[in-house]
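Pasting a structure here, questions to come.
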Amino acid sequence: TALPVLDHGFVRVVDYMGDDAAICQAARVSYGRGTKSVSNDEGLIRYLMRHWHSTPFEMCEIKLHVKLPIFVARQWIRHRTANVNEYSARYSILDREFYTPAPEHLAAQSVVNNQGRGETLSGEEAERVLRYLRDDAMRAYDHYEEMISTEGQQGLARELARMNLPANIYTQWYWKVDLHNLLHFLRLRADAHAQYEIRVYADAICEVVRDWVPFAFRAFEDYRMGGAQLSATAL
Amino acid sequence: TALPVLDHGFVRVVDYMGDDAAICQAARVSYGRGTKSVSNDEGLIRYLMRHWHSTPFEMCEIKLHVKLPIFVARQWIRHRTANVNEYSARYSILDREFYTPAPEHLAAQSVVNNQGRGETLSGEEAERVLRYLRDDAMRAYDHYEEMISTEGQQGLARELARMNLPANIYTQWYWKVDLHNLLHFLRLRADAHAQYEIRVYADAICEVVRDWVPFAFRAFEDYRMGGAQLSATAL
Amino acid sequence: TALPVLDHGFVRVVDYMGDDAAICQAARVSYGRGTKSVSNDEGLIRYLMRHWHSTPFEMCEIKLHVKLPIFVARQWIRHRTANVNEYSARYSILDREFYTPAPEHLAAQSVVNNQGRGETLSGEEAERVLRYLRDDAMRAYDHYEEMISTEGQQGLARELARMNLPANIYTQWYWKVDLHNLLHFLRLRADAHAQYEIRVYADAICEVVRDWVPFAFRAFEDYRMGGAQLSATAL
Amino acid sequence: TALPVLDHGFVRVVDYMGDDAAICQAARVSYGRGTKSVSNDEGLIRYLMRHWHSTPFEMCEIKLHVKLPIFVARQWIRHRTANVNEYSARYSILDREFYTPAPEHLAAQSVVNNQGRGETLSGEEAERVLRYLRDDAMRAYDHYEEMISTEGQQGLARELARMNLPANIYTQWYWKVDLHNLLHFLRLRADAHAQYEIRVYADAICEVVRDWVPFAFRAFEDYRMGGAQLSATAL
């Protein structure tokens, strides 16, 4: 039951540890026999989220199997508080699978935000872009295959041949992270400033988290995603 | 089913994620369709351990509930690659439970190793030490209780009163860690250079790990615990 | 030029790496030849702080030498993103130096906040508390010295004898951290919810940071310390 | 004074904190007034290295500016214990600079090690490989430029256009790390199992470290690089 993302990607849950109750269990170890002012689980979780008491959220852990384009993987891997095992293109042969944007996601450079997208491309321009992306990927892959082939030749090392492949080729990994750092990832990557192609992965994971730890996710949505940060001056 | 450690402590497994098979599953994602030279699980795990391919071991996670004296907790917490929730002595009242060494662990300062123990104390010296440890702990705890009492007085804040308590009082925490970093902890703390009082916790955890991931633990014992590090000069 | 903190403690800067300009230098590597919408350093730093672009702040590093009571050290060490070397009480003999609260900081348990302090103690109650703290510390230290003494006896191992000492005895460490994680530490520990005894260390470090990276500190004060977090519901 | 690496890359030191003496200073804080059995700096550093006392090495920090091909960057970034700011291909336009292996590094897939290289390619095969790598890179870059151009068209967003570029295009980053984790990086990446293209960066950094902290580097070479790990069974 993998959740499909982009044209060939997916997010699949491999394993979980803990749930909303485990967050509360850990938080309550702190309170021992002390008075319990916040007694119900959802209230306690909202309290922890609001006050940035993040360590109880670290008591939950999730392991995902993800298939994603390399340029998305390059952004994702910047989150250092996770455990990762990636498909090795030194050891193995990459598949002929490339991400091509759907026409409605073929956007122009934004004119207001240097790091974002503007309007959707159309007409001939859109067609040319798609043709370039497809043709260059296919040609690069043909040459990749040819270079590593051992028929009638020595065959280039895989670790070298892969350097010819564009950044929209797919890779795969196992990715394991605790809930606190996963929520931090989601805050940054399910956000409007994140590139669309990683945002759709973050959105898919949001659905997973909502099912897994509904109280924590709701508190996260309320205080982190939907919330606002005001400066002292603004106040 | 907590494992008892020292006079009042314990180690109790709260939850696990993954096992020997999960280590191999993650390692094999790297190999994809590549030739599998190492095909059986134990062989693969030994290979990973021998070559310090540590990330597949990070795919397993364990959560422990531990009760331990504060001077042991101070050494333990230095391992930063874990998730922790500790009993709060600001919020709650500590129990009247102190570690007192068994007579056979009442050792003299080593005369050869500045950081270690020598022979066991005996006779009057041993008795005096035990008396001091017990009496001082009891008196400190009596005063702690008296200071925080609100009968006929305001009652000192708990966060202040606890400063009177000696380092052999017990605390508790939830401690969650991945297998790679747990083995690193065990290498350092189940070692002869570690203080006896933390070593017995490490030893108890070794038993837990041996049951949980028998291949990984055997490889660890062979390559890390029992192994030796030779310098280039020695070679 | 150590900054004195509490009755025997201090914070002393050992070394720095980077400054406000280094934050901007790192942030600008991202922008390359792109248009620079934010051109002056203070504006850029405020932009980074406001948008939680935290990695450029990691480009600055500071190393402190700190002397602090053990119960403060126990809270401080929970911040895992730092490098630490602490005085060893297995190897060395601790000094006879204990923290005793000034009369105005001898507070009652708060009746509204389970984790806080209320009014200042006074009269006989205050005197008794101070007497207990002083006498118990002195007695514990006398016994510590007696137990480790090798005059006419074997002498208890230091690693065991120290367990008799209360949590207000002083220890020392070198503590090195990057600016992003230091600001995170300060947000949590210079905050009103933090225990007074660690807050005064955080306050002293705030002064150090203000001098070191004035733009970053001002942005931090404005967006993190003085700011407010509103939930989606509140908005 | 950047050290050139590969055809267009480099390693340049931006800043340092600490040196051999700083390692010893931190290690000695542990010993306090205790007997100093190891009194000279080099001896102490060798002792720390031999016994895996790694935290004093964390007291030194280095910041590098590195230019490197993306497929090397993808291996490098897996080292999570560092601080990184990379050139943004969402924000900025990448340069037309690609890594092309020198003829003597154009190697065949190893027939004994699935993750390595065998003999050097020669003759027509080598020529064809080089032609493919060069032509595909140039064509991909031409199309990249054409797609982002705003002359007579909207111009594709940079964050999308870059997905057409192959993994041998160069990127840049600031990379800051402590000495312990740098040595760990060097052990893995200056090793024969590492891919040649990252090994040359590791080798260049080895030269930097040798100059910076000569005692630490020598101890590292002796105990980590040149040393051997024996299993209990082997012993």
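Note that the chains are named A, B, C and D in the order they appear, and that numbering of residues resets to 1 at the start of each chain.
We take it that a residue touches a chain if its C-beta (ideal position, glycine included) is under 8 Å from a C-beta of that chain, and two chains touch if they have at least 3 such contacts.
Quantities reported herein were computed from a predicted structural model and do not represent experimental measurements.
Enquirer: Contact counts by the stated rule: is the higher one at A-B or B-D?
Expert: Between B-D and A-B, contacts are more numerous in A-B.
Enquirer: When the centre of a chain is set as the mean of its C-alpha atoms, what distance in Å lies between chain A and chain D?
Expert: It comes to 25 Å between the two C-alpha centres.
Enquirer: Roughly how far is chain B from chain D, going centre to centre by Cα mean, in whole Å?
Expert: 35
Enquirer: Give me the residue numbers in chain C that touch at least two other chains, ranges are fine.
Expert: Counting only residues that touch two or more other chains, chain C contributes 31, 34, 84, 88, 91, 114.
Enquirer: What graph shape do the protein chains here make by touch: line, ring, star, complete or other?
Expert: Its topology is that of a complete graph.
Enquirer: Given the complex with chain C, which residues does chain A contribute to the contact?
Expert: Per the touch definition, chain A meets chain C at residues 31, 34-35, 37, 50-52, 114, 188, 193, 221-223, 225-235.
Enquirer: Quick one: which bits of chain B touch chain A in the complex? Just the residue numbers, please.
Expert: 15-18, 22, 25-27, 29-34, 55-56, 58-59, 61, 63, 65, 83-88, 91-93, 172-174, 176, 178
Enquirer: Which positions of chain A touch chain D when the two form their complex?
Expert: The contact residues of chain A facing chain D are 69-71, 73-74, 77-78, 80-81, 84, 88, 90-91, 99, 101, 106-110, 114-119, 121, 125, 128-129, 132-133, 136-137, 139-140, 143, 146-148, 150, 153-160, 162-168, 195.
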